[in-house]
Amino acid sequence: MQAYLVRRLMESALILLGITLVTFILLYLVPADPARQIAGRSATAETVQNIRDQLGLNDPFVVQYWNYLTALFQGDMGRSYLQRAEVSELIAARLPASLLLMVAAIVTELVFGLTIGIVAALRRNKPADHGLMIFSFVSISAPQFVIGILLLYVFAVKLGWFPIGGYGTFGHVVLPAVTLGFLGAGWYSRMMRSSMIDVLGQDFVRTARAKGLGKARIILRHVIPNSILPIIAMIGIDIGLFMSGIVVVESVFGWPGIGQLAWQAIQRVDIPVIMGVTMVSATAIVLGNLLADLVAPAIDPRIKTK
Amino acid sequence: MLTVRDLSVQVATPSGAKTVLDGLSFDLKRGETLCLAGESGSGKSMTALAIMGLLPEPMCRIAGGSVKLGDLELTTLGPRGYRDIRSVRVAMIFQEPMTSLNPLMTVQDQLAEVLLEHGACNRGEAPARALKLLQDVQLTEPERRLKQYPHELSGGMRQRVMIAMALACDPEVLIADEPTTALDVTVQAEILDLIRALQKDHGTAVLMITHDMGVVAEMADRVVILRHGQEVESAPVRDLFAAPQSDYARELLAAVPRLGTAPPRPEMEKGAPVLEVSDLSVRFDMRGGILNRVQARVHAVEQVSFTVRAGETLALVGESGCGKSTIGKALLGLVPWQGSISVLGQQTHGMGPGALKPVRRDIQMVFQDPGASLDARMTVGEQVAEPLVIHGLSSGSEMSDRTAELFRRVGLSPDMMQRYPHEFSGGQRQRINIARALSLSPKILVADESVSALDVSVQAQILELLQSLQDEDGLAFLFISHDMAVIEQVADRVMVMRLGQVVEEGVRDAVLHSPRHPYTRRLLSAVPVPDPTRPLPERQAGDASGTPVLPVGQSPEKLILRDLGAGHRAAV
Amino acid sequence: EVNADAPMGGTMTVTYKDDVATLDPAIGYDWQNWSMIKSLFDGLMGYEPGTTALRNELASDYAISEDGLTHTFSLKDGIKFHNGREIVAEDVKYSLERVTNPETRSPGAGFFGMIAGFDSWNAGEGEGLSGVKVIDDKTIEITLSRPDATFGHVMALNFASIVPKEAVEAAGEDFGRQPVGSGAFKLAEWAPGQRVVFERFADYHRANLPKLDQVTFEIGLEPTVALLRLQQGQADVPGDGIPPAQFLQVMNDPAQKDNVIEGGQLHTGYITLNTQMAPFDNVAVRKAVNMAINKDRIVKLINGRAVPANQPLPPSMPGYAEDYEGYAFDPAAAKEMLAEAGFADGFTTELYVMNVDPNPRIAQAIQQDLKEIGVTAEIRSLAQANVIAAGGEADQAPMIWSGGMAWIADFPDPSNFYGPILGCAGAVQGGWNWSWYCNEELDARAAEADAMTGAENADARIEAWKSIYLDVMADAPWVPVFNEQRFTLTSDKIAGDDSLFVDPVHIPVNYDYIYSKDAE
Amino acid sequence: MTMTAATDGQMTAGRGARSRRVIYELMTRPRSAFGMVIIILMVGAALLAPWIMPHDPFEQSFDGLSLAGAPLPPGADFPLGTDLLGRDLASRLILGTRTSLIIGILANGIAILLGAGVGITAGYFGGWIGAVLMRFTDLMMAFPALLLAIVLAAIFQPSLLIVALVIAMVNWVQMARVIYTETRSLAERDFITVQRALGAGHLRILFKHLLPHLLSSIVVFGTLGISTTVLLEATLSFLGVGVQPPMPSWGNIIFENQTYFTTAPWLVFFPGIAILLLALAFNLVGDALRDILDPTLKGRH
């Protein structure tokens, strides 16, 4: 177990290294010149050249990458080209919000998705199943922006139950989490339905019925735990996704997460920030997957972490 | 107590409803054991499921008749009503213990659940009650078992857990569907004793489904014989054995192999050795710790040597988990092994899958679990034909003719070829597996418990088939079985194993008639005798000591086989 | 006119979509932090609120020598930084040297090129700007290397703000997060991605200012949502303006329409035609394209939030040629002209555009107009950085629609529309002169015009610039399309002269002079 | 050799008969028939677009905007209304079917093939092959796709193929992980061991025995992926990788107009419905296919 953990952590470190390299290459290939972005439109050619020199952008790729790596290993992610602040501080300031929203969104999508999936599987091919299927597909096909604004309009503006965007209290997190959860719920409900249908046909479910157990108990103790395994793999994926890929929801709800930071940095070729954010989300993904792989044997004792 | 009248069950097939149980009636009284015996696929399991209200919806349904428990009509009961009687009044042990337990819950949880659900005890008492139940079913190390998961238990242990679960609430009726099919005779005997003892203590009525006439004779008060979904005879057990009324029952009883009555094996000239195994060992590593080092090994097979000649049958017997199946798998290169195996003179050590392919044409295996060995998504016809396709041996109409012929030979109708595995009974699936293994016309066949789920008439038919193959083509068998009577019929030589090692070996008569090793003796004494008049024998107490799991670096003490003359050797 | 007696007190909330990058006056160059920095910092010069008229800010007096080279500023008495220290002339020198120091990497350094000693100091040599001299605690003298009429405006730029050395050195690179200036407000709170709060600076050098106790900037809000907030009374000014999608809705709602304030902007939206790429190296083709664009329709597309343009300068800029007709919309004539130039069958080209609404829409309208005269323009809609990069290559982008990246003047002077975007200096790799138009004669005239210092020359100078832009139009390197109008919405809670809400230099509103109705 | 060839021919014939049966079943079940009809209609719309579009999809018609410059709601002239440039939405949706079908089917298809392929391979072979493949999957999952899009946009001419590739590259990973988990448990089952004992090759085991058992997960992912990829196409095109204006796709119609959905809801609603229908149609067919291929569900009373 520990050995597995140690090996996986080492592999993860390698993956992260790979990600730094890939991202660095991409940034090197981006035609936009970061020095130009810093210099602004009134700058003279000398000013631009001076900025390039100072940031080491004239160095060969290998040197630039090496410098970045050595600094990174000393815990220095560099300073934002445009904001001039420490990248680590910029990210740290936004991390709690991202984590909070991630957890809330995952909880929401699981609650909705699993409930819908379970009900659909139990009512397979009945009207309820069809209704829920359409709901799932609506949720997957609906643009997040539209869902977000609709929710805001109904629950914040019209009903006044929640604040109109922002960050701070429990009330603030509800709508963004629901918006994200709405999309995820579509995925989870379909996966759960499919996996439950498989499990429902297995012998041990028959045994459970033969024991005279109540339906609720059979579902909760026997069917759900056996169907949840593929879901776990999905949660690992979502952890990474929600750490950086939710610009739209963040901006609709004014949520101070990492997504907006990343988006703005990409638009303006703020290399240290892009690198930093990529590292953070890559770490989240890698850890999320690791977590999923560690949780799997805890749920299914047959899976050995070899 | 349990009254079944005119019970009919239909299953849905693509061509419409098919009646698999037709107008069955019987009564089961308190404290009585009724055996449902009969052909494989005759609807025995369907009967049990119909009574429990567990027919797989919506494919199967009760088409007519009534099932009454006391005054309560069960066929019209809603889910709520069934819940109240299951476990509390009627409990069931299923045919396949492997898949009938929830893999994600500990034994304790699965036991406590029944108790709590029916209010047999409160939460605090549940662990103690669960432990008591395991002790009742005489499971070794019950405290430890409570914390284990089903996959950590052997087949016999799981079956005991199933029984404990079924008995948790003291049901009035216990339905046991082939409760011992998967188990070796010593365990079978223990479990049968157990059911009998519990029945005595609690006055439970038992509906026992089995095809083993020995078990019938030992257990039943009355017997109902089924064939093609219909009752052919119903009689008290002694009457049935003494004077069967119907042709089928007569046939059935005539086909029952009785230990000690087998004719001598045909004396034939010894063929060339086709399979030579020496010092075969299979060990499974158990890893753990910080550096993922191997901490212990399962010594599944330890330095086993034997030779099988063309046209010869070597029988392998031994307790559950002693490594029988593992030997078979090693021969086909499915588990890593050490030692030497040569098939038709060709050494297979170190061969990759490519090199093994032609070898696998010559040596085939029928796997132990017939259900799990079939791909649920492919028609059985395709699966039987598949080896021919893989080895490019046949095609087109020739292939379908050959497949149809194989079906006929194992006693299945060729029009079943279009069906899928779940549409077959346990015994039918076993025959499909045999047909598949035979399709390549191998020179050596490893048959792992291949007739255990078959009723005696079909079993006789299959054994005859195997015999004729041996006579015609000089096929060699490694025959793994726990049924001593069957072994006596088919084996030329017998090898008895325990904890991965051979404890006794020799020609059939020597081993079966003058066993020398205590384990062999115990095995033989456990064989149920198909004679209801015979008093139950004193069983010899088991010796549960020893384990195949040893720390790294430690090997089990090698048993020295003493030569007792005429090739009969035993570790005594 | 600005109401000097407006009541003091109360608060205001302004919303923005983008995060505030920095509040360091030497670095901030986004239109969003531009006005924030104006309220936190002061320079020697400033503007009359709501106008483009220069006034002394921290300077009590500003004298220019005869030759226009020596500029002497006297500091007001008792002016203090937010940290309580009094501002002295040494701070001015420090601030100017900081912004021009190559290590500061200020995007504004180039504005100070006229100060003597700039070239060597900015190249990393020498000890500071030799042209900046501290005469005494209250007096500073700045010597220029060439006369420059725009110097007053340059000294009013954010980049010329006065900063306290000790605070800059204490904060280091983080000065942008811990700004200390002498403006009407000081920074009270900064929660990244959420909120920036300014509060009144009690020792501000102008009496009775600022009017508000506190200004809160809510950051990271989608404009649509910002509007919802405003409508719910939770915000007072949508910093990003009325979102295009809701513009008509707001204008059609009588209650809200009253709160809309419209004003001009020093902005021109144009299409650049790459004069070094065929076929736009042919002036006839460029003129034909100029005549092909239906500007009225484009203005309609954006719901009339602009006025059609026919020359580089916007109407509110001095030097705008009222009487110039430009190239009238006439597809038939354009087609003819193309035919004469040898393109009877038209040609295929590419139109680059930044991918943010409404720019791709405008590009499609342009595309349709060009199709009328037989020109097939394939649209390449890209992220801003990609378009800018393409424009900076001599042979990559034949046409660029400038929307979203277009020129907004740094200061209200006609010269500001020339150098980087139309002059030879900008027509270099990585430059902003995307039409790669380089007319050395015009460059020389531009230099001449900027050397015309002194109030007496002001009119002549404006005329000179006017003729330069008209001559540019004769070569037609651009298609000027429209000048954007600003539309701001305010809540009922705040008030102030209309001009404050569309302040040409203090965008979107002049925080210092707006007052709260609650305070009345 | 000849024998093998003959065998294959035989198998194909058998397969042909089976696929005919499957199609017959799909067309006779009401829900899957509905799905099939929608798919056929959409494919038809894509192929016949030039002939069935009521207006020129590119024409920025003068009557297409109100005086104030607002798009027109659905009405007699423009059945589904007009867009912000005064173009006929119905025609644009019909033309957009082409792009969106290619993305929803091609890109998504590649993603599924890749994901399923990697997942099955890693799960079946396990060991170092599995570890390498799964870590590679992790790597791809953490890959900054937006950045890649921006780089590609600058390097290449925009094309649908590149979008399809980027989408496939981004989307296969989830699939791979889920399939991997399932394969890992399937590979341990007896019927796979039997296949090895029979001498079956890896390919045969993978495709004939493992794949059918994974079908339900693949169907779920495949159909869900349709909406996601059609929407993702818009994001990528926005960054300049894919179709450029004025070429319509369902995704970019939504994307361009989503901020207008309170004032011009039809601009979001209709393309949204189109995406929903496409995904739903594939789901209905996929579900039915799964049921048809699941032998335990066959039969009637």
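Here the chain labels run A, B, C and D in written order, and each chain numbers its own residues starting at 1.
We adopt the following convention: a contact is a pair of C-beta atoms (placed from the backbone, for glycine too) under 8 Å apart; a residue touches a chain by one contact, two chains touch by 3 or more.
Here the structure is a predicted model, which is why all the values come from computation and not from measurement.
Visitor: Could you let me know which interface, A-C or B-D, is made of more C-beta pairs in contact?
Guide: Of B-D and A-C, more C-beta pairs in contact link A-C.
Visitor: Most remote chain relative to chain A, going by C-alpha centroids?
Guide: So the chain farthest away from chain A turns out to be B.
Visitor: Between chain A and chain B, what distance separates the C-alpha centroids? Give it in angstrom.
Guide: Taking the mean C-alpha position of each chain, the two centres sit 50 Å apart.
Visitor: What's the distance between the Cα centroids of chain A and chain C, rounded to whole Å?
Guide: About 38 Å, centre to centre.
Visitor: How many Å are there between the centre of chain A and the centre of chain D, using C-alpha atoms for each centre?
Guide: Going by mean C-alpha positions, chain A sits 22 Å from chain D.
Visitor: For chain C, give me the residues that contact two or more of the other chains.
Guide: Counting only residues that touch two or more other chains, chain C contributes 224, 383, 385-386, 389-390.
Visitor: Among all residues of chain D, which ones touch two or more of the remaining chains?
Guide: 150, 154, 259, 262, 296
Visitor: Provide the list of chain B residues touching at least two other chains, using ranges where the numbers run on.
Guide: Within chain B, no residue touches at least two other chains.
Visitor: Where on chain B is chain D touching in the complex?
Guide: Within the complex, chain B touches chain D at residues 10-14, 16-17, 59, 61, 329, 332, 334, 353, 356-357, 360-361, 364-365, 367, 369, 372-379, 386-387, 389-396, 399, 420-423, 436, 440.
Visitor: For the complex, give me every residue of chain A touching chain D.
Guide: Within the complex, chain A contacts chain D at residues 11-12, 14-16, 18-19, 22-23, 26-27, 29-32, 133-134, 137-138, 140-143, 145-146, 149, 153, 186-187, 190-191, 194-195, 197-198, 201, 229-230, 232-234, 236-237, 240, 266, 274, 278, 281-282, 285-286, 289, 292, 296, 302-303.
Visitor: Under the touch definition given earlier, write down the residues of chain A that touch chain C in their complex.
Guide: That would be residues 30-33, 36-48, 50-51, 54, 79, 82-86, 90, 93-94, 97, 149, 152-153, 156-157, 164-167, 250-257, 260-261, 264, 266-269 of chain A.
Visitor: Please give the residue numbers of chain C that touch chain A in the complex, ascending.
Guide: 17-19, 21-22, 24, 27, 29, 102-103, 105, 107-111, 113, 122-124, 173-174, 176-177, 191-194, 218-222, 224-225, 228-229, 231-232, 234, 383-386, 388-390, 392, 407, 410, 419-421, 425, 428, 430-432
Visitor: Under the definition above, what is the set of chain A residues touching chain B in their complex?
Guide: 1-4, 6-7, 201-204, 206-215, 217, 221-222, 225-226, 299-302, 306
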